[in-house]
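The structure under discussion appears below in the form of structure tokens.
Chains here go by letter, A, B, C and D, matching the order in which they are written, and residues are numbered from 1 within each.
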Amino acid sequence: MSGTVTILYFAALRERVGRGREVVPFGDMPTVRALLEARRREDAGFNDAFSGPGQVRVAVNKVLADFSTPLHAGDEVAFFPPMTGG
Amino acid sequence: MSGTVTILYFAALRERVGRGREVVPFGDMPTVRALLEARRREDAGFNDAFSGPGQVRVAVNKVLADFSTPLHAGDEVAFFPPMTGG
Amino acid sequence: MSGSSLRTAAVPRVRVQDDPFDIAAEMECLRQASVLVGGIGSFIGVVRGGGGLVALSLEHYPGMCERILTDLATEATERFDLCGCTVIHRVGRLLVGEPIVLVLAAAAHRAAALDATRFLIDRLKTGAPFWKSEEFDDGRCHWVESRAVDEEAAAGW
Amino acid sequence: MSGSSLRTAAVPRVRVQDDPFDIAAEMECLRQASVLVGGIGSFIGVVRGGGGLVALSLEHYPGMCERILTDLATEATERFDLCGCTVIHRVGRLLVGEPIVLVLAAAAHRAAALDATRFLIDRLKTGAPFWKSEEFDDGRCHWVESRAVDEEAAAGW
């Protein structure tokens, strides 16, 4: 396993995480859930951000996904609160 | 009983009657139905027009009415087919 | 700041005219009716071509027509708690592709704005004294008959 | 002359932009999409004032947003047999009274045009990656939370 995964954060989640984008080594993260758990272990602030109020939605490569969606090197994973357009 | 009643015709009914407006003596026409019957007796063409296809709607003084609506001298009575706006 | 106090000036704008209407200006007027406007619904009816149709001629009953449209717009304003609404209907000869009617409804929320838009056009179709005559490219002309589906749509409200 | 043959060019127009949109020009574009257009439904969302609100700031997920709006507009075109439809959504800081979103749907008949308009705005609200932050006159800012009523409206289609 090599390469990286790009992670994007939007709206309230971006503010709580304190950044909008980061690139992490792909490592041993076969799913969105595994990526999240790895980030939480590495970064306490990250853990707090995801424990904040409201639900967290996820997209993989700009398509709505869920925590069991498989990941591959080069993927773009985005985390955000429920959408409020219109 | 004195005075007149103004009669208006619209759309297909105007074309069948052959005129858009006429003023008739009020006479003994206590209702829209009585007015219609009097006009039919006086004018065979009028009778044909009202026997044509489709329903006839009526308004008295610009308010939707029916054939039993009472009439008074000076009233404006309009006959027309079902409305097709929009 | 209550909605009703800001809406006391919500007098419907109703017009019957030969000329085209200015959609952007009408929309702008409603948008500025109140700071409580959150959505504006609209419908524009257009002369639909096909089957050799060249034009529609629209006849109306002056006076009664404006009164009925005003009553309808007032009913919509109360029923859907509108910040404002506008109904403009053209008459005369209109070519294929030309706009016939404009309905606009502004409300705090989208559901009311869209419901009111539909209410206005559904009720106008069979309840306001307009009549359409169709003109075809072979010279035929005939009066459009009312459609059961339109009567049902109007009765549904 | 069949509807479908004249509608093959009905590619939805979708844009996400900072700038205001030109409602009349967009409407005109749809009106001329086909001679079979009989009605155009529209909805405009506006920044609603009240409670000390000064502005909304709209954030979006570039790329995903346009893709979702295009999918939504394509679904509407097929489902409601549209002659054309347009979705324009603004992002950035928008003051009270400014238009946020424009949805337009052109069809042969009014029911389809109005249904499609509602479908598009209902589904867009909770299904496209936009997020709103409210800014108040006392300096407070907070993210708008999604509303159950909007989730239900979207799920209703």
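What we mean here is this: a contact is a pair of C-beta atoms (placed from the backbone, for glycine too) under 8 Å apart; a residue touches a chain by one contact, two chains touch by 3 or more.
In this text, all values refer to a predicted model and were calculated from it rather than measured experimentally.
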*Give me the chains shared as neighbours by subunit B and subunit D.*
C
*subunit C to subunit D: how many Å between their CA centres?*
21
_Please tell me the distance, in whole Å, between the geometric centres of subunit A and subunit D computed from their C-alpha atoms._
28
*Between subunit A and subunit C, tell me the centre distance in angstrom, where each centre is the average of that chain's C-alpha atoms.*
49
*asked:* Multi-chain contacts only, two chains or more: what residues does subunit A have there?
replied: 86
*For subunit D, residues that touch 2 or more chains besides their own*: 45, 110, 121
*Throw together a list of every chain pair that touches.*
A-D, B-C, C-D
*Which positions of subunit D touch subunit A when the two form their complex?*
45, 58-61, 63-64, 67, 89, 100-101, 121, 124-133, 143-146, 150-151
*Would you mind writing out the residues of subunit D in touch with subunit C in their complex?*
1, 22-24, 27, 31-32, 35-46, 48-51, 96-97, 99, 108, 110-111, 113-114, 117-118, 121, 153
*Which of the residues in subunit A come into contact with subunit D in the complex?*
8, 10-12, 54, 59, 62-63, 78, 80-86
